[in-house]
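What follows is chain A paired twice: with chain B in the first complex and chain C in the second.
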Partner chain A sequence: MNYEISLMTTMAISVLFALSLNLITGFCGQISLGHAAFLGIGAYLAAMLAKAGVPFLLTLPLAMLLAGAVGTVVGLTSLRVRADFLAITTMGVGFLFVGIIRQREWLGGELGIAGITGSNMSKLGYMLFTVLCAILVMALCIYLRRSWMGRVFNGIAEDEDTMRVLGINVPRYKLAAFAIGTALAGLTGALYAYHFQYIGPDSFGFVESITVLSMVVVGGIGSVAGVTVAAALLSALPAWFQFIGDYKLLVYGSLLFLMIRFVPDGMAGLVRRHLGKRRAEERGK
Partner chain B sequence: MSAMASSLSTGPLLEVDRVTVRFGGVLAIDDVSFTVLRGDLLGLIGPNGAGKTTMLRAITGVVQQERGSVRLSGRPLDGMSIERRIRLGMALSQQLVKPFRDISVADNVALAAAYRKTLSPLRALLSLSQSAERRVAGELLERVGIARHAEDNPAVMPLGVLKRLEVARALALQPQLLLLDEPLAGLNSQEAESLATTISDINAQGVTIVLIEHNLREVLRICKNLVVLDNGRKIAEGDPKTVMHLETVRAAYLGSGAGDERRNRQHRGSDDA
Partner chain C sequence: MLLVELFTQGLVQGSIYALIALGLTLVYGLLRILHVAHAAFFTLGAYVGILVCNASGSLILGFAAAMATAGCAGVITYRLAYEPLLDKPPFVALIASIGLYIASEEAFRVLFGAQGISFVDPPLQQQLLLFGTIRLKMAELLVMIGSLAIIFVLSRLQNGTRLGLACQATVSDPQMAESFGISLRLVRDLNFFVGSALAAFAGVWVALLNNLVEPTMGSVPSYKALAIIVLGGLGSVRGTLAAALVLGVVEAYGTIYLGKLLDRNAIAFAFLILVLMVRPQGLFSRR
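On to the complex of A and B.
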């Protein structure tokens, strides 16, 4: 039972992480290849604060704040660059983060930080808490999608030049997407740190950034339900198939490539098309 | 101080002052000046490649001028972002239509009509209702004559519908200065006449309009003033009848050889595609 509870918690954390990237990449169309850095910022801040005795419920908003602030700065630097260059910039930020962590003894260096405690919850309680967080963030995403912010994000993802001609302040909206998405990644990072009770530089590198991007693409870029299902399933894969652990980059990287090549609208698109066909058949009868 | 304020509100709405735009080696606009008075319906005409579209793009900030200045109500716009200029009361209906293809025709217009709610991301996040915008969209689509396509997907609409969608979207911004780049393209003569009449009505309601159009019949019917460009230069301006009788203007149009005919065929072509 302990195993299932722990797996469930991991899945909820992956869902949160994928939804946070989906907000930036799926809703607003801004690619990020370094999203794990923001997970890491949240995780490291929570770990340090936990060690200093700061209460759990206070570390969560602080982790959001710091990750969101750094995310906004990264967003600022990338406002003037186009999509392909944004990919490189964010990838650079990802490497920079891991590079810094490795160098700093007070951040645990290569060894990482162990013994992170302080949530004061049972395993079951903690699982329920992370699942609740995931549900709240899903609700937020669904709300956001239907608000005028979501409609503007959609327009920016499709054609930002035309949005400008409609009087939309595109840079501000991109920053908003970065701020919200990276803040949620920071929250996820804090939950991650308390769950695994150990963090190290390897947990927040390029592989993790590619993994979460593959979750978003497999689910269907922009689709809240699709991304949730994909993140839950894909995060459980390494637990079900032990060998994946060693070949993560290969597995998730190929998945990413194959999906973009053959099913660019992801599972959500497959389901939509399948339903559409069935409806058409029923109408035909 | 008060004299200045009053001169701002009574002076010309738009001043284009010795503007030059260059694309690499091509001099698209060469030292062009003209003013647009409040309430004017100004036709900006000239043969293909004259620089008309580039002029509107310089006014809205889509392209940057190399020299010269553009002022709206006496206020210099140079260096200002596109979206700020739009928020100052301009709207641009583009020659190349650019509808958002994964939302309906009506939602395209509603997106523009929501300009107050979308002023800042925070306000947009807190605004959910779209009934007011959908209502405005319905009215505007009716006005430009494509209400029956409100729920259709722009991806499958012919050019004539998309051009009118582009106009409706510009109108949804409730501009004081409306810039229209070939709104009648792709329409048959009956549709063109009806939309031209609508444009004239909108002008009569107090919206200042700059209209680029190759359909000279409608231009001469509704425009109050003309500015003629040729090869990036202004070759004439003034009252439409006088302007059209000028030798230079006739020569420019004849020189480009039955330009109207050729364009219509081009548009039909892209219509089918």
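On to the complex of A and C.
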């Protein structure tokens, strides 16, 4: 049972992380290849604070604040560069983060930080807490998408210049997307640190950033339900693939490729098309 | 003296980056896809090069086999992976490319082992002394000359032959090019072939310099190459060459003087971000 609880917590953390990127990339159309850096910022801050004896519930908002603040600064770059240039810039931010962490002795350097004190909750309690966080963030995302802000995000994703012509303050909304998305990533990072009780620079590198991006794309970019399901499935996949041991990543990579190659609009698109076909058939009758 | 030596080391690294990034630029200019899997051909080339060279004893044969294999693999990848995704948003192809790269890296590991392979009798290792001060391996000197020569020839071909002009026309306006009777497919196949062959060429050189080929050898160059084509102002051959050499030199000095603060990759990307904030269109773009 312990294993299932731990797996469930990991899945909830992945869902949170994927939803936070979906806000930036899915809703607002700003590609980020360095999102793991914000997970890392949250995780490192939480780890340091936990070691200093700061209570669990206080570290979460602090992690959000710091990650969100750094995220806003990184978001400034999205005002300067667009699309592919932005993708590469954010990738650079990711490498910069890992590079800085690696050379800081007081952040554990290459070895990372081990023995992070837990959250004082039971394993089951902690799982329920992370799942609750995931549900709240899902609700927030659904609310956001229907709000005025969500509509502007969508407009920016579709066609930034038109939004500008319409008199929308595009930079402000882009920064808002980055601030909210990265703050949520910071929260996820703090939950991550308390869950695994060990963090190292390798957990927040480029691989992590593209894994989360692939969750978003496989789920169907912008779709809250799709991204949630994809993140839960993809994070559990390696655990289910344990039996193929050595070939785990080979299968993961191939699946990712085949999935995107044959279903480019992700699971959400697949479901939508399927439903659309059924509805058309019913109408035809 | 250290300054000069670092500068040469930077140029050597930079010419390897240039070879890898060049193929990426060709693909980007043509299809607007960030082709992460490009580094897989770099690794593939290195493996084929070592295997053929060890089996036949001829380095030239190794180079030829590596470039031919990687070139064909590049064309197949284009046909199977990218062609069907061309009308989709660009990040779809990006994710496909990432999936492909992860799978290929693992395939190399499963096929050839995680330890990597080396030359039985590594060629071109003699030490040279240039201008009485600069110590270089033969392979290091040749990679600089080789990459410059290839890039020179390539830019001549691009401007001086019908096919080269067809490529340029396709880059600037595919529809117009097609209506003038240019086969888009031929141009794209050709670009993937040349680009992947160049990556393989670079791969064999890296194998020669390190005398080691590992499954993961492509990961860092692949990200660096992405940074380089952005620095060079996406899609420009000369810009890419210049950006690659500049990045190589910046890294060489950076690791010595900033090594305490940041690691090698972080230095490269810090430089990239700095440049992009000042010149969002890249270092050498005319736009």
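Just so we're on the same page, the second predicted complex is superposed on the first by the 263 of 285 C-alpha atoms of A that agree within 3 Å, B and C clash if a C-alpha of one lies under 4 Å from a C-alpha of the other, contacts with A are read in each partner's own complex, and residues count from 1 in each chain.
Throughout what follows, a contact is a pair of C-beta atoms (placed from the backbone, for glycine too) under 8 Å apart; a residue touches a chain by one contact, two chains touch by 3 or more.
Being a predicted model, the structure only gives us computed values, none of them experimental.
In the superposed model, A:Tyr173 lies in contact with chain B only, and not with chain C. Of the two partner chains placed around the shared chain by superposition, chain C is the only one that A:Met91 touches, whereas chain B remains out of contact. Counted by residues of chain A touched, the larger count belongs to C, out of chain B and chain C.
Once the two complexes are laid over each other on the shared chain, residue contacts for A:Thr77 go to chain C alone; chain B is not touched. With both structures placed on the common chain, the touch criterion links A:Leu249 to chain C but leaves chain B unconnected. Applying the stated contact rule after C-alpha superposition, one finds that A:Leu237 touches neither chain B nor chain C. Shared-chain residue A:Leu107: touches no atom of chain B or chain C. Of the two partner chains, chain B is the only one that A:Met149 touches; chain C does not reach it. In the superposed model, A:Ala225 lies in contact with neither chain B nor chain C. Of the two partner chains placed by the overlay, neither chain B nor chain C lies in contact with A:Leu7. Contacts of chain A with chain B, set against its contacts with chain C after fitting on chain A, share not one residue. Within the complex, the chain B residues that touch chain A are 60, 62, 81-83, 86-87, 92, 94, 98, 100-103, 107, 111-112, 114-115, 117-128, 130, 169, 173. Looking at the complex, you find that chain A touches chain B at residues 143-144, 146-149, 151-152, 154-155, 158-159, 161-162, 164-170, 172-173, 175-176. Taken in their complex, chain A has these residues touching chain C: 25, 31, 77, 80-81, 83-85, 87-89, 91-93, 95-96, 98-100, 102-103, 206, 210, 213-214, 217-218, 221, 246-247, 249-250, 252-261, 264-265. Chain C meets chain A in the complex at residues 28, 32, 34, 81, 84-85, 88-92, 94-96, 98-107, 110, 223, 226-227, 230, 234, 260-270, 272-273, 276-277, 280, 282.
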